[in-house]
Amino acid sequence: MSNKTTDNEIRILASEGWTRRNFMKIAAMAGGVAALSINGVALAASSLADKAKALGDGANLGDVLFIYSWADYANPDVLDAFSGGAGPRIQIATFDSVEAAIAKLQIAGGSAGYDIVVVGDAYVEQVIARELVQKLDHSKIPNLKNLRDQFRNLPFDPDNQYTVLKNFGTIGILYNNKIITEEIKNWDDFFRVAASKAASGRVCLLNDQPSVFGLVFWREGKDYNTGDEKKLREATDILIKDLVPHVKAFDARPVQGLLSGDYVIAQGYQGSCRHIFAQDAENYTWVYPEPQCVVWSDHYAVPTGAKNVDAAHAFINFMLDPDVAAAETGHIGYDTGVEGVIEKLPDDVIRKDLIVFPEGVLDRLIYQKVEGSNPTLRIDLFNEIKAAAARQ
Amino acid sequence: MNIFPREGLKTTVFATWFLLVALFLLLPIVTVIVYSFNVGNYLVVWKGFGLRWYWRILENGNIAATLANSLIAALACMAISLVLGGICGIILARRSALIAYPLSLLLLTVIAFPEIVKAVAYLVWYVKIDLGVGLIRIAIAHALFGTAIVAFVVRARLSGMDGKLEEAAADLGATPFVTFATVTLPLLIPAFLVGGILSFVISFDDVIISLFVSTANSTTLPVYILASVRQGLKGDIAAISTAMFVLMILIFTLAGAYLSRSGASRRAAMLMLAGQNDAHQAG
Amino acid sequence: MSIFLGAGTPARARRRWIDAGLVWGLVSLPFIVYLVFFAAPVTLIAVQSLTPYVAGQHGGVADGARLTLENYTAVFSPTFRSVFAASLANAFAGTLLCLLIGYPVAYFINTRVPDRLKPWCLVLIIIPFWTSYLLRMQGWRILLGANGEISSILQALRIVEPGEGILFTQSAVLVGLVYNFLPMMILPIYVSIERLSHDHREASRDLYARPWQTFLTITLPLTYPGIMAGVTMVFIMMTGDYVTPELMGGAKGMMVGTLIYSQFLQGENWPLASAMALALVFALVVLVLAMTGIGALLRDMPKVIRRATR
């Protein structure tokens, strides 16, 4: 790792200009601290910034670009490079559930003030139908051609009229292998281990209803998008009986709880879980569980009424550049779907198997569908599940 | 133990209890301050000592922007609260029970109403009346609470003084307005200071209402911090929280110094600080 | 400043009209503001709580809908009842703890601390109240986590299993709630003890009452207003605080506020959310009235006992 640090140092010292960002990096080095990216991805800050400048090309991109997204879902160095090169400061407002984000957008009418919103694939149809996002101007996104073919013509948004892929990922199991010594391969194991003495009371589930209901349906390989009331109620009963008594928390970011010892096994998003291996490479194990799971994707969209539309397009274009996309993927741990991204990852990238799905995993993954899944009932049932958990 | 005039076992027991409680109250604050120097990526795992996160918050434009939003909203809230609260406080202290009693009831309702209910109601209403500017929404929403606070502090102050000074001014031929401007207002300055600080701090620190009512560019610092805390504790949040803490201490020290210099007795200051609750007693 | 006598000229009369008008204008200003920005929103959600939920409509509210009580029936579902009971239980326990912890502190500062030190003691109590709420929560999350300092102590004392912390348990929620609202209990009690003249207690002692008798029959009943002020404030605020239980309680932290939030923003069911909100307010009003009544009863207990045993 120390060689990498020196390389970065040299590149920074050699670059022109004494930007604020360089200062920060030097200051960080002086404090003996690793850079914020969890991989020292082999790209100098200045080269990313140059790309951003080239994109900006003198066009007035305004002062601020407002992005509405999940927290911790972008590489800070990439954002800094965009701001440094192309101009506008980037401000990220975060939401912790897609429905809440859509509700906020809807309530605000056209005046929410965001220039880019990150929408989950299952909800794209909804936001288009509700006219919450506007059509993209492809002439401003020439890098669209860099997107791998399979992401360019998705069923819910043919021809990328409204959205551009940000990244995709899946869900799996992360556990402390010093405390849980048995092997976990499928969701059945998850249920079993959760009830075991070692893990009971220290289990963490994700905080959204599709993921939690998924546990029951994926376990049997059944359709987890069902809206059938009877099936959903049965699933609720199973969860309340078999799993809820052992749950400690519903938490979208279990890494911290695992590190602090509050959880020993958790359901988690693969990219965010990968961060634990930067802290501690041995005591935790990640599993892509069988027989079934979800593959989800997140997409950039521009809300209707966005103020800084040009900057939004420039940003999306910037993110589609292979080098930038590689830097993004290397940090957040999710494949951004751009041509050549995987090849550009450095050799010593942490746990590449958590960025690129191993052989056979993709075949087991299915997409989420909101339409027909009876979301109102699901939310009520999820509240029931959480209330049951609180009673334990 | 020669600081205590009355010695004995009971005093010792009480004193120990007090110290334990004080420790309890200060413990998490000290913890965060210490951990803000933890250079590790995850706050819960101590990795080493350093100023990394302080550099980071200087760097992070987001924090600066949300901090600015919080300050603007809090200052606006304070201004509105001082004006409206001052009026309410004077009404409560001086006017007939016919007006004062309903007003008191109204203000108590505003204070007592659960935050989440207010947040939902305000949001729905702002959408209905098409008020779109986030910071104005937040300032007004906070000021409704702040006004009540200032009102009770002002009332506590006024009810502690009888009307003799104002009577004297009237006897000397001053119109009500002149009396107000030259006698009442200056006497109320300590109350305004205390009430102003209270409403500023309450606004600055507010989470739930700001969460519901804000728009994109009016995200306040606590909302930003809350999102971060939910996602996992990071050092930059600890750093900015520490910085805010130091700022608050400064504000209070300055206010305290001013108060004691301006002659308001310590007892009066303490009573004013608790003036909001004093109101419950009396009304 | 010259001295005028009598009403005098028309100019003066006109000025007096303007003055009066201005005064009335000023006095009505806050009322108008509260009408527009508080009364109106609350009325709106009250009305919304009476409209039926229409799926697919923005917010679940359709225009020109009829009035119905169906939301209130839905509110009393088992889920809501159990969560509401949990919220109230937390608030009761938390308020009681605040009272038991806070009263001695207020008493101590008032009766044992020399005057010059009193403000400092109060400042010590108030400081955390005025520091960022989230700062305090972060601190507790670090301390109470399984690897945290407090957990290590508790593990050593064998109060918890090795490797366990009290974060994300009911206890953690109580710690968080008590911590947040303790100063709000201490202050009004302090004020009312302060008002209680030293003479009362001295007189009682002069009449050969033992210290605990003095306390029970004089101090405690006479500080009743302060206690009630503290108790009602703290209870109401604890019931409505859902962020603290969520942050500290994990799965155990499901409160009414969480439900309202979820129905409002995720379920987009504004009528139901409004009904829940108002149900919460009604319940609080009833409970506060009950507590005030019980409190008054307790205060008058000594009198009743004395009269009965005469």
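Some observations on this one:
Every chain is named by a letter (A, B and C) in the order it is written, and numbering of its residues begins at 1.
Criterion: a residue touches a chain if its C-beta (ideal position, glycine included) is under 8 Å from a C-beta of that chain, and two chains touch if they have at least 3 such contacts.
These numbers come from a predicted model, not from an experiment.
When the partners of chain B are compared with those of chain C, the chains appearing in both lists are A. Greatest centre-to-centre distance from chain B is found for A, with centres as Cα means.
Distance from the chain B centre to the chain C centre is 15 Å, each centre being the mean of its Cα atoms. In terms of their C-alpha centroids, the spacing between chain A and chain B amounts to 38 Å. Distance from the chain A centre to the chain C centre is 39 Å, each centre being the mean of its Cα atoms.
Touching of two or more other chains is recorded for residues 107, 259-260 of chain A. Shared contact sites, meaning residues of chain B that touch two or more other chains, fall at 43-45, 230, 233.
Those residues of chain C in touch with two or more other chains are numbered 59, 145, 147-148, 264.
In the complex of the two chains, the chain A residues touching chain B come out as 20-21, 24, 27-28, 31-33, 36, 38, 64, 66, 68, 71-72, 80, 83, 89-96, 107-109, 111-114, 252-253, 255-256, 259-260, 275, 278-279.
Only residues 1-4, 19, 22-23, 26-27, 29-31, 33-34, 37-38, 40-42, 44-45, 48, 59, 101, 104-105, 107-109, 112-114, 117-119, 121-128, 130-143, 145, 147-149, 179, 182-184, 187-188, 190-192, 194-195, 211, 225-226, 228-230, 232-233, 236-237, 239-243, 247, 256-257, 260-261, 264, 270, 273-274, 277-278, 280-281, 284, 288 of chain C touch chain B when the two sit together in their complex. Within the complex formed with chain C, the chain A residues making contact are 97, 99-100, 103-104, 106-107, 179, 202, 244, 247-251, 257, 259-262, 375-376, 379-380, 383-384, 386-387, 389-392.
The residues of chain B lying in touch with chain C in their complex are 3-6, 10-11, 14-15, 17-18, 21-22, 24-32, 35, 43-45, 84, 87-88, 91, 95, 99, 103, 106, 110-118, 120-122, 124-125, 128, 140-141, 144, 147, 172-177, 201, 205, 207-208, 222, 225-226, 229-230, 233, 237-238, 241-242, 244-245, 248-249, 252, 256, 266-267, 269-271, 273-274, 277-278, 280-281.
Note for the complex: chain B touches chain A at residues 39-45, 48, 50-52, 55-56, 59, 61-62, 65, 123, 127, 132, 134, 215-219, 224, 227-228, 230-233.
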